[in-house]
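Chain naming follows the written order as A, B and C, and within any one chain the residues start at number 1.
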Amino acid sequence: MHMIQKEMVLNPHARGFHLVTDEILAFVPEIKAWTAGMLQVFIKHTSASLTINENADPTVRKDFESHFNEFVPEDAPYYQHTYEGSDDMPAHIKSSLLGSSVSIPISNGRPNLGTWQGIYLCEHRNYGGGRQLVVTAFGQ
Amino acid sequence: MHMIQKEMVLNPHARGFHLVTDEILAFVPEIKAWTAGMLQVFIKHTSASLTINENADPTVRKDFESHFNEFVPEDAPYYQHTYEGSDDMPAHIKSSLLGSSVSIPISNGRPNLGTWQGIYLCEHRNYGGGRQLVVTAFGQ
Amino acid sequence: MHMIQKEMVLNPHARGFHLVTDEILAFVPEIKAWTAGMLQVFIKHTSASLTINENADPTVRKDFESHFNEFVPEDAPYYQHTYEGSDDMPAHIKSSLLGSSVSIPISNGRPNLGTWQGIYLCEHRNYGGGRQLVVTAFGQ
């Protein structure tokens, strides 16, 4: 079994949901040589997250942002952690709802995603900057 | 370390939450020979998901469906992605809230689940059809 | 590739969100010898969960508890599974929203977490008791 592990910084993205599949895969060409394995992408932050969802229609990503803003509101009366700005505490909650990593099977040299699946960077801060990822893959 | 990887199609299930532990485990008898390892089940869709929860009382699964319908509503006024039906955009959001994979430790030839844990297929579409899974396991 | 797997019981925690990073890492000193790998922590329960979030300000953990109590209410009129107490069905739903495991890359003998990341035990029951974990790590 082979294992590779690398750290990368994603280009900064505006608050919202963004497709980053290609940016991540370009970083791990090694997996092309493997017939079976696993790819994990981990984000080293608590106010941005990763998920897998629809890769075609940009309105899906817009609707994600609208929904999460509605159901994880800014300035909720019950927040005590408020000194880092209105977007901070919701960003923490959204991150845990969506998760800090995605794990994708590798088959025949490629991530074995469904036709409509892509990797989303979920940027929950107004000014999040470049986000650090750890990409770990193992396979044979 | 050994690794196996297979693709399977689950039987079609109605919209709602369904126990599929046995159906999945019957597909990977190889893990019975391993003392320690990891089993990942990945769903290749963006409108159905996988989670681990209570395996005994069917009303738990009914309450999941009720809760997610309440908190990820159909026809929300802020949805722009509406042309695939009222159940489509909520299905995408539910999928990311619950996740596209589960990873379960393997111990002494069995998935090391708690007494009350089972694997749920979370079918978020009205007519989702058979859902494709990739099952990857490695161990020794 | 090396693999270790152990079961541990966390000290009982009150309902709420708790940092348990140190308690877990003390249990797997073996990873200090590895240059790259993966650590998975799995909780064998359906009314408590694990997530990764902010490790510094305790009010973040308080706000998590407040938010999840608001958005996964007790005694919702649509719950049918009510005989185990008002905190039971919400606990199941919260567990699946947050997830039953975390997977963290290991780099240079340490979990490769961001500066502000820690592992949370999310205790959703009023009296959950000691929670059982399976810790699996592999690496080289």
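Throughout what follows, contacts are C-beta pairs under 8 Å (C-beta built on N, C-alpha and C of every residue); 3 or more make two chains touch, one makes a residue touch a chain.
Keep in mind that this is a model prediction, so the values were computed, not measured.
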For the sequence-identical pair chain A and chain B, determine the rotation angle of the Cα superposition and round it to the nearest 5 degrees. 120
Validating interface symmetry: for the copies chain A and chain C, is the fraction of residue numbers used by both over half? Same or different. different
Centroid spacing, where centroids are CA-atom means, of chain A and chain C in whole angstrom: 20
Residues of chain A whose C-beta touches two or more other chains: 1, 71, 97, 99, 103
Which of the residues in chain A end up touching chain B in this complex? 1, 36-38, 51-54, 57, 59-60, 62-64, 66-67, 70-71, 97-99, 102-105, 107, 112-117, 120, 139-140
Residue numbers of chain A touching chain C in their complex, please. 1, 3-5, 7, 40, 42-46, 71-72, 76, 78-81, 89, 92-93, 95-97, 99-101, 103, 132, 134, 136, 138
